[in-house]
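What follows is chain A paired twice: with chain B in the first complex and chain C in the second.
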Partner chain A sequence: MSFFSEIPTMGRESLRDFKKGIDLNFKEFSRSYGDGIEGFFDPLLMFLVWLEKLLVNSPWPLVILVLAGLAWIGSRNWKLVAGTIVCFMLIGYFGMWKDTMSTIAIISVATLVCISIGIPLGILMSRSRKLEAGITPILDVMQTVPSFVYLIPIIMLLGIGKVPGLIAVCIYAVPPIVRLTNLGIREVDKECLEAVDSFGATSWQRLTRVQMPLALPTIFAGVNQTIMMALAMVVIASMIGVRGLGVPVLRAVSNQYLALGMLNGLAIVALAIIFDRVSQQYGKRLQKHREGRNL
Partner chain B sequence: MSDTKIKIDSLYKIFGNKPKEALEHVKQGVGKDELLEKYNHVLGLSDINIDIEDKSIQVIMGLSGSGKSTLIRHINRLIEPTAGNVLVDGSDVLQYDESTLRDFRRTRTAMVFQRFALMPHMTILKNVSLGLELQGKKEDEILNSAMKWIEKVGLNGYEDRYPQHLSGGMQQRVGLARALTNDTDILLMDEAFSALDPLIRKDMQDILLNLQAELHKTVVFITHDLDEALKIGDRIAILKDGIMDQEGLPVDILLSPKTEYVSNFVEDVNRSRVLKAKHIMEKANGSDLSKGMPVDENDFIESFIDRVVAEKPELIVVQDSDKKNIGSLTSKRLSEVLKK
Partner chain C sequence: MTYLRNVFFTAILALGFSSLTTTASACSLTVANMNWASANLMAEVDKFILENGFGCEVELVEGATMPTFTSMAEKGEPDVAPEFWANAALVPLQAAEGEGTIVTLNKAPITGLGEGWWIPPATLEAHPELTTAEAILARPDLFPHPEDPSKGAFVGCPAGWGCQLINAQQYIGWDMEAKGWLLVDPGSAAGLDGSMAKAVERGENWFGYYWSPTSLIGKYGMVPVDMGDWGGDDNWHNCVVKPEQDCGDPKATSWIKSEVYTIASANFTEQAGQDGIFYLRSRTWPGPVMNSMLVYMAENQAEGADAAIEFLQSHEDVWKDWVGSDMRIKIKNAL
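Moving on, here comes the complex of A and B:
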């Protein structure tokens, strides 16, 4: 009868040994390779620190001017540019300038890392059914495992600091760009591919001249999603030593500072909206050829 | 007889997981339906043999599902056959390695597609330049040839538009220009005009025939429309369920269909409109032809039948463009031909 009332377990002792074994092995691994892995990320850290310093130390009008300029290049929309300027003035007025600059720095670096890993991976995935079947579940895991869970091995391996924070953000933010690059390339019209093949294209020509340009709007939707998800990770990343808007939010949570939490939360929202609108407008402009179907 | 340009030799194509095994069944006489039901394989093409003459227009006709689009894709190997040979100028296309095949596609064949298959993100100029750009030709050379062909198909002024801005007929002119810019000796046209409405289609047929009179390419033209086949084709092959029912001159197909399928196909054709005097004449053999009623060899029966009825000539004399008598025709023969 006990079979039905109690699920079979492996026994307390062996379970403890099992967990201990994993923990010890991983500690061993991190002791011997941790420094090497940290060294590998050094250039990234240097770049991140440089960008953060640049944003924080430059005169604020210049920074706002550059950001407004980027918004104009992306969207060609005066309202959006005006909105960007007002938002950043308000952020500065409420004393969140420095944290916001740190956040922009880490989001930018994380997005760049995600793009440079995600797009090639998505391209590879689109070329092989097997690879797609292998990578898709990994992406599912990356998106659904609670971020705190993968923070543990990252901290064990690299300690607390900017790089582990960056890695945590990238783990969370890279799946959409991989998925949408893969999808975008797979969705390219088969007839166009047949046509370019019939004219004797190499597979590189086929990729760069037909597949990538036609998949670009979808890939860009992936970039947009990646930026949004990176922003969503800002608070969690601040738990392991990333400076930025997440830090005051955390402080507000633990001390019940309502106003502090709201203000910094709203600053994150403002960044998200600006990034989202600008990148979406840019994505739309990439589809110039889709405009006006009539002669 | 002119030379064979493309020789397709006992070609089979079977779609499915184990085409080689299914091929054995097909060779033992298993038909298309049985193959699908019992062995779960689709018979695409079965024992196709055809010699396509150099500098001629070979039409391949059949209804949808007859395998005609599959067949044309074997010539530039967009589809690999299950068995058989495809010889172009005597060399076996199926033996080519990747880079030879690429060269072959770049310099020997060009294809026009049913639904145009233009690149939506490229301007008309870029679309037409595509083939030469893939070959890495010099920029001014590409521009010159592209502009030349854009002009020839009557699209000058549209170079900087995108395909979506053009009507179907214009898009297919781009498709034609894109294929011609590559300056290949073989032109593969897969139902190239089928998606166009009748008036535009007639225009495009005339453009093709005019260009062919000047360029003398070997054209393989797929269609499901018999009128189009008769208008364009130097020879016509008829496919049904992956099997070639009949291949021959248009007039032979029309006047002596070999199978019921072909005769059903040609039954409703208005013969006086598609047959020319030269198709049905008896060749001149030295007899006196000076007295008959003269007609041009390229006149359709329709255009001189009224004169025959009115004048009741003993003999109709067929002349070529230099007014030389090349053959003759009796009114008895004429009425036989027009009888169903």
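Moving on, here comes the complex of A and C:
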């Protein structure tokens, strides 16, 4: 009867030893390799600190000018540029300038890291079915595993601060760009590729001259998704000591400061909308060549 | 189809019967099981002793500090809060005591507890002069901040906790910015624990805020920093605990004494009688024993209930004076 009332378990003792074993092994690993891994990320940390200092210490009109300029380059849309300027003025007016700059710094670096890892990975995936079958489940895990779960080993390995925060953000934000790069390249017309092959292109030429340009709009949708997901992780990253808009949000949550939470939450939303619209507009411009096509 | 339905209903009936249990007991009590390890352990030990020594029926009620207190004051339930951090509710607690709904039975259920600044034992060994806050603050170079190694890192309290304001004010009060320190916000409990654990595991220096009794303090043998003299009630209550915009010139001070009590409802004193009152009055956990039990819990990933049995088995010298000799035998027999 006990078989039906109790699900078979591996037993208290062995389960405990099992968990202890994993913990101990990881601690051992962290003790022997932690310093090396930390050292490996040092250049990234320096870049992050430099960018944040640059954004925080530059005169604000200059920063807004640069951001507005980027919005113009991306979207060629005056309304969007005006919206960007107004949003950043408001953010400054409500005293969130410094936090917003910190957030922009980490989001930009996270996006760069994701792009530089994600696009090559996506290209590799598009070339081999086996690799695709192997990487896809890993991407699924990365997107769905609760972030608190991987925060624990990251803290043990790298402590708290910008780099562990950045890694946490990237784990969550890199999957869409990998997926969409893979998809974009796989979607390129067979006829196109046949034509390229018949002209005797090398596989490098085939990739850089044909597949990548044709896949660019899809890849750009991936970049857009990656930025959005990175912004969604701002608050989580603040839980392991990353400065930025997430910190006041956490403070607001645990003290029930309504206004503080709303203001900083809206600042994150404003950043998200600006980044999203600009990158979407840019992606649409890349797709212009498709408009005249008959399908 | 009918067959399947029969099976289904039989299964439901079986479920219903298996949950039926009946017991009758002279006294029935509820004990607050707070959501942190030491309180969880104390609740389980109280439960075991009240059940097996006093013959009461004891139910644990999950809770956090303020909800539990409110419920005790308003509804008289749970009957016992073993580890109640009273600083947050001193005034309402006095009011409830005046009305007779709550009695404070033990003003020091755990010795040697409190908040403050800590350093790892290895740091102290390498630099024996670093026993006082004054001496540590003079050496920011020993605790370099990863993002700006020219400054020292002082790990404060996570955003949103009451202690965050206090640490920020202490940072000003001790003039730490001028002394070359940066206040690090660890962001969350996991961040604070992790930063300390990582540093100690690697043999790095660490300087920051923590509190005892906790498994981390016990596990790593963290050393409390002597923070000097108490800067006065007025400084603490009207400045250090307030945000910077309310009070901009805090004075450096040691930490306020944490008032931790065991409180009980009127129902408890009726049901458990003089023996019960005597038990809670004399039930004082020595700090090192509590810390070692918390280490046991963390290392074995043990629940409070398992740790309670481990405690009762291995620390009889501690609990033998909490109860009369006849109860001691009953409890030992039940183990």
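Note that in this section the second predicted complex is superposed on the first by the 291 of 295 C-alpha atoms of A that agree within 3 Å, B and C clash if a C-alpha of one lies under 4 Å from a C-alpha of the other, contacts with A are read in each partner's own complex, and residues count from 1 in each chain.
Operating definition for what follows: a residue touches a chain if its C-beta (ideal position, glycine included) is under 8 Å from a C-beta of that chain, and two chains touch if they have at least 3 such contacts.
All values derive from a computational prediction rather than experimental measurement.
By the document's definition of touching, of the two partners only chain C reaches A:Lys162; chain B does not.
By the touch criterion defined above, A:Arg251 lies against chain C but remains apart from chain B after alignment on the C-alpha atoms of chain A. Of the two partner chains, chain C is the only one that A:Ser5 touches; chain B does not reach it. Of the two partner chains placed by the overlay, only chain B lies in contact with A:Leu214; chain C stays clear of it. Of the two partner chains, neither chain B nor chain C is touched by A:Asp140. In the superposition on chain A, A:Asp35 makes contact with chain C only, not with chain B. Counting the residues of chain A touched by each of chain B and chain C gives the higher count for C. Using the contact criterion defined above for the overlaid structures, shared-chain residue A:Thr202 touches chain B, although it does not reach chain C. Legend: residue contacts after superposition of the two complexes on their common chain; A:Leu45 is shown touching chain C, with no touch to chain B. Shared contact residues on chain A (touching chain B in one structure, chain C in the other): none found.
Interface residues of chain A, counted against chain C in their complex, comprise 5, 16, 19-20, 27, 30-31, 34-35, 45, 49, 148, 151-152, 155-163, 238-243, 246-248, 250-255. Residues of chain B touching chain A in their complex: 76, 78, 101-107, 109-111, 113, 115, 117-122, 130-131, 133-135, 162-167, 182, 188.
Residue ranges on chain A touching chain B, taken from their complex, read 189, 191-192, 194-202, 205, 209-210, 213-214, 289-290, 292-295. By the touch criterion stated above, chain C contacts chain A in their complex at residues 18, 146-148, 158-161, 164, 184-188, 190-191, 194-195, 197-199, 201-202, 299-302.
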